[in-house]
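In the two assemblies presented below, chain A is common to both, partnered first by chain B and then by chain C.
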Partner chain A sequence: MSRPPEDVLLEIKGLKTYFFTEEGVVKAIESIDILVHKSETLGLVGESGSGKSVTALSILGIVPDPPGKILEGEVIFHGQDLRKLSDADMRKIRGNQIAMIFQDPMTSLNPVFTVGDQISEAIILHQKVTKKEAREKSIKIMSLVGIPSADERVDNYPFEFSGGMRQRVMIAMALSCNPELLIADEPSTSLDVTIQAQILELLKATSEEFDMSIILITHDMGVIAEMCDRVAVMYAGFICEVGDIIIIFKSPYHPYTRGLLGAIPRPDAAREDLTIIRGAIPNLINPPSACRFHPRCDYWMEGLCDTILPSIVTIEPGHDVRCHIYTEEGKAWMQQHGEKREISTMPKKATG
Partner chain B sequence: MSSETFIEKIGRQQVEKGLISSRIRTKEMKEDVVLEVINLKKFFNIPIPFETTWFMLAFVAAVVVFAFNITIGLSIMGGVVVLYFLLPNIPPFNKRPKVAHLKAVDGIDLHIRRGKIVGLVGESGCGKSTAAKTIIRLLEPTAGSVYFKGIDINRLTSVEMKEIRRHLQIVFQDPYASLNPRATAHDIIIEPFAIHGVASGDEASYKVLSLLKDVGLAPHHAYRYPHEFSGGQRQRLGIARALALEPDFIVMDEPVSNLDVSVRAAIIQLILELQHKMGLTYLFIAHDLSLVKILCDETNVMYLGKIMESGTSDEIFENMMHPYTKALISAVPIADPTKRSKKIFLTGDIPTPINPPPGCKFQTRCPLVSDICRLEEPPARWYSKSHVAYCHNIEGGEESPEAYVK
Partner chain C sequence: MATVDKVDKEEFLLDEKTLREIESMKGAGQWSIVWRRIKKDKMGMLGLYIVLFLIMMALVSWILLMVDNWLTSANLLLGDPNNPASLNNLYIELWYPGMDQSNPIVLFQHPRYQFADQSTLPPSWEHPFGTDRLGQDMLSRVFFGASVSLALGFIGQMTTVIIGTVLGSLAGFYGGIIDNVLQRVIEVLYSMPGFILMIFIIVLFEDVQIPGGKYAVVIVFFSLIGWGGTALIIRSNFFSLKEQDFVEAERALGASDMRIIFRHILPNSLAPLIIIITLGIAGVIFTFAALAFFGFGDPNAISWGDDLNKWQNNLLDYPWMPMFPALFIFFTVLGFNLLGDSLRDALDPRLKD
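Then we have the complex of A and B:
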């Protein structure tokens, strides 16, 4: 499943982002490694508060500072480290080669400008066009994302659009400069299922048409299953598991991935198949030591998981897990304690 | 138990007064129906402000005249004001009605048997929550009746209604908005005891602790305030409050949609566990169809204030007939990447329920729409004793459920 290195569009290495607040240091992202290939959709999934959105902001270098700060790591896009770029150079990439769609289309659109103005703004900023050409381009892109009678609606204000249409405007804005990478942060969470299906289909179609990569951030495993080629599961500032979508859904290796998949109603599953992950996501000012999932984990190896951070284990090329069940230390612990830790498979019906 | 006899007494009185037919009562006893909703309607009247454009123009003109000649200016102004109140009734100014009807719930029927979980699903704005509130008479219905254990609750006096309220409870969607931020968990749960005079003092406090235990909270949580709880714990608190008076019937108004995935599963398990333990009956309102599929025994699909299709969950999810149900179910993302389904896309958004067009409510987005849909309300088509869909353009089915009763 691994692809040649020249196919890599974005690589994040050892990213670490903290927020220095009055209550203490929020260790939002501890260590993140992500690969995004060309024209691939990568899902980033996890509970709220696991650091998904901060990862997105860190890629674009728009973490609110203060209180946030990227402490370590590289964000390599097309072979250059975005963190080393000057602000001016970064602005040329942001919105042009890497674009982002935010969760709430109402708060991320400016209420006092027409949507046409807001789409044109990005075009004028990144391309050498006149205002009139930018407007024509805006209309074109609006009809492309399925806004009916775009030539009239271009002069409307955001409040005159419904939720689904606003999200289409956001997508139009993001697509206006033909980005190579689109970061979609919960693009369909606040929408109804029927509208969600429309928006996801639009994203799928445009990513094919523009040959664009997408990082899709969501907490909905269903959306991940419908949309993505690969998926990265995040928990409290770490990537637990990353791999091909079909493998992850069929035989998850990490206990947290297993828990997430068990907690959602899957097709053909019965009431009894719903399982729970104990406890709640920790406060990241004082996160649990070492593997941050250990207080909630059914496979906790006492004395190991809470003292040594598990290293990343490659199960097969492209499928990485960060869990002691698969590390050398973990195997030694199991032998020493004479206990076996093995991830149970998914309920039978669901895998079939 | 005294409450049981109270319900029986009210029922007998209502039959004696001729308010309800004895048919409802015998039906309730025979089929064990806890709640029967018949043709329930809830409209909201929304005043429409006058369109003042022409009035403003005329008035400005009058002011300009006023600057040159006071007498003529004043008389024109008077004329404009008189016209303003007359003209809305004279063509072509009378197009706007003064009040618009927002038909939130436009005639729904439900039939809820003891110990069942009945689902009510639909997009936001389709009237699910209004229906729920109207059913337990938190809102007065515009028309229609709700029979709880064979008594018509909309004809009860407020004193009688208070007695019945103990048996009809609701858990609200937003655990952040539905708990009093200034009351401790203990105060929140003890309130129903005080109102109904069920228990007081130590006995009540003891009951609070056992309720907290029932919903999976610890005794030391009793003196915490809502802001000290997480979202899932708050929802547990909301459930404990609903359980306090040992109700028969609980409306769950999207109890898990504001919660995180892993917490969601825990609350669902709690809801099921309590149902087993206490023999509860639920009306479960949700927009998450995959949840409804595994949770509910029966499912009702609602669109713009009307039921589009209803039946057992198996019938709805395996053998759906209505084009709206088909579109809605196909739109749900399936958590299995090997089964990426082909979707039916509805065009546009859900229209406003203010002054809806005649005929079928779904006509503006329906892929099967034809001329008759714009004129007449769709007829019922029964596909089994329990499975009914309302559509002009679907095939098969019988005109009444009696065809399946032998």
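Then we have the complex of A and C:
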């Protein structure tokens, strides 16, 4: 399912972002390669602390510095490397062509300004409009994202809104300049379930209406299944597996993806214990060597996974895996040790 | 809000009191809460009334002096513009029915007008605050002194706060080297005795002529050495505010640093700023009065501090001369302090009523 290169909107190549803290260097992102095509929704999934949000901030170039720093890599948007742009040029792209919505709508709005002021500001920052025009546009976009009686609510302060309505305001701010790419950093995590569904539905509808690509960051596989065309699975600063949503859910190749899917409770499955992934996400100041997943992996090839970083293996066009099970080194190791490492095509639970 | 309006009041059988409460909840923004809290605080209200009274007094006297200066310079009224004592074209008369119209009681005389043969008079109906040794009416002196004394306090405090806010914001937002340098500078400023430094500077610049008179020099140097406290408070405020998510959200929208600092974070620091300004004005007025008291003011200015300095030696023989300016300094400082304390409590988000 690969698409022609002119369809690519954003390409991240070898991104590396570290945080230089007093405790040591946090190697938050070691090497990330992502492709986002036009008007597609890419899911970015992983445990807390796997570097999903840092990836998002790195794309926009707003990693808090100090302590964060993007060390290597290219972020190519419309054929130009965003990392080489000047601050002023980058500001023109932020909010205008690439917008972002944040996890917690309770704190992401400035408490001392009305929501109308804040949406208008986003518009005024990027478009040559008067305050009055911006305000009218704000009202229009607020009703578009489903805020009732927008012409009255425009003069309300954030504390007068519920969580779901605030997230709608955030989405309105993000949409106000018709961005081509929307980065949604766990947009539904802090909302209750019914509101979550509404917000996701809204994102889906607006992405179609605006013909906009979305990078949806979440740790909820259910949300991914609902929303995305493709999904990238992140673990401790690496992308383990990227692929079409159906491929990833049906036949995951990476042990970590398999573990994630196995950990989803399923209403249709027999009552069994959920499979869990042993251990916890590593401390990224002293991450495990080579493949950072090897200490938790059931398929650990001793002497290989902990010494040589697996290269990216393309299973089929558009489906990449970073695991030694599929590399030449891995096959050699299996032959040498006479052990077989093979992942059953379906996660254990799905068969139950 | 629309939802409240749409409630059918009849149907829910709400009594008048509840309805009024609902009505009052509608505009329950931060400022109406603050205002409600101040209204409850008797001392705060007293402070507010004192401050409002003094501001009115200063404004009225300033406007009167301006009008007088303009009339005089435009030669619209008699009087020798080169001799301030002859500028007697400004006065407020007191009229009451049946009085002798040819001899009205003059309530406020020009503060520089010297009554011939009327020096060192104790308080009387004609001169409620008495007269000084030059025959100037003390009530008029005190009334017209308000504008200079309060203006010094306001301007001195505002320039100080502006410098402190800008530097504190930048240090708090960027941290690192900028913050380090700022802190060392503040430590140096704190380690110098400010009052003596001020006196030193005033003496140094005694012969320098700049528009605005001697007090312009004093205000400039006062602001240059006095901004440390404000900067430290704003800096620490910024340290917590800059970590808030809305700063990141604003950055993702493409706002520049300056826009984030001054348009988004600073308005969130408004509460501490208001407290700093109110409480600080009292201190600045006090400092300038003290400078004048020690003879480092402007002897030509009409201000409470300078009058106090002029007549301090007459405290025992003519007590009204230094007493009335001193009383007004006292009430000003008291008023601003009461209001400032009340504001500090009212703006504290941890207190709920």
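One rule holds in what follows: the second predicted complex is superposed on the first by the 344 of 352 C-alpha atoms of A that agree within 3 Å, B and C clash if a C-alpha of one lies under 4 Å from a C-alpha of the other, contacts with A are read in each partner's own complex, and residues count from 1 in each chain.
The rule we apply is simple: contacts are C-beta pairs under 8 Å (C-beta built on N, C-alpha and C of every residue); 3 or more make two chains touch, one makes a residue touch a chain.
Nothing here was measured: the structure is a model prediction, and the numbers come from that model.
Colleague: Looking at A:His126, would you say it contacts chain B, chain C, both, or neither? Reply first, second, both or neither.
Modeller: It touches chain C, and chain B stays clear.
Colleague: Of the two partners chain B and chain C, indicate the one touching more residues belonging to chain A.
Modeller: Comparing chain B with chain C, the partner touching more chain A residues is B.
Colleague: Based on the superposed arrangement, let me know which partner A:Pro287 touches: chain B (first), chain C (second), both, or neither?
Modeller: neither
Colleague: Under the stated touch criterion, which partner chain does A:Asp220 make contact with: chain B (first), chain C (second), both, or neither?
Modeller: first
Colleague: After lining up the shared chain so the two structures overlap, which partner does A:Gly237 touch, if you call chain B first and chain C second: first, second, both or neither?
Modeller: A:Gly237 contacts neither chain B nor chain C.
Colleague: Look at A:Gly95 in the shared chain and tell me whether it touches chain B only, chain C only, both, or neither; answer first, second, both or neither.
Modeller: second
Colleague: Once the shared chain is lined up, is A:Gly330 touching chain B (first), chain C (second), both, or neither of them?
Modeller: Touch partners of A:Gly330: none, neither chain B nor chain C.
Colleague: So, A:Pro255: does it touch chain B (first), chain C (second), both, or neither?
Modeller: Neither: A:Pro255 stays clear of chain B and chain C.
Colleague: For A:Phe113, select first, second, both or neither according to whether it touches chain B, chain C, the two together, or no partner.
Modeller: Second partner only.
Colleague: By the touch definition at the top of the document, which applies to A:Ile246: first (chain B), second (chain C), both, or neither?
Modeller: So A:Ile246 only meets chain B here.
Colleague: On chain A, which stretch or stretches are contacted by chain B in one complex as well as by chain C in the other?
Modeller: none
Colleague: Would you pull the chain C residues touching chain A in the complex into a rising list?
Modeller: Against chain A, the touching part of chain C is residues 1-2, 29, 175-176, 244-246, 248-256, 264, 267-268, 270.
Colleague: Show me the residue ranges of chain B that touch chain A in the complex, using the header's touch definition.
Modeller: Contact set of chain B toward chain A: 123-124, 230, 232, 260-266, 268-269, 272, 287, 289-291, 293-295, 327-328, 330-340, 343, 345-346, 349-350.
Colleague: List the residues on chain A that touch chain B in their complex, please.
Modeller: 47-48, 162-165, 192-198, 200-201, 219-226, 228, 245-246, 249-250, 259-267, 269-271, 274-277, 280-281, 350
Colleague: Using the touch definition up top, name the residues of chain A that touch chain C in the complex.
Modeller: 57, 60, 62, 64, 66, 91-96, 99-100, 102-104, 107-113, 121-122, 125-126, 149, 152, 156-157, 160, 170, 173
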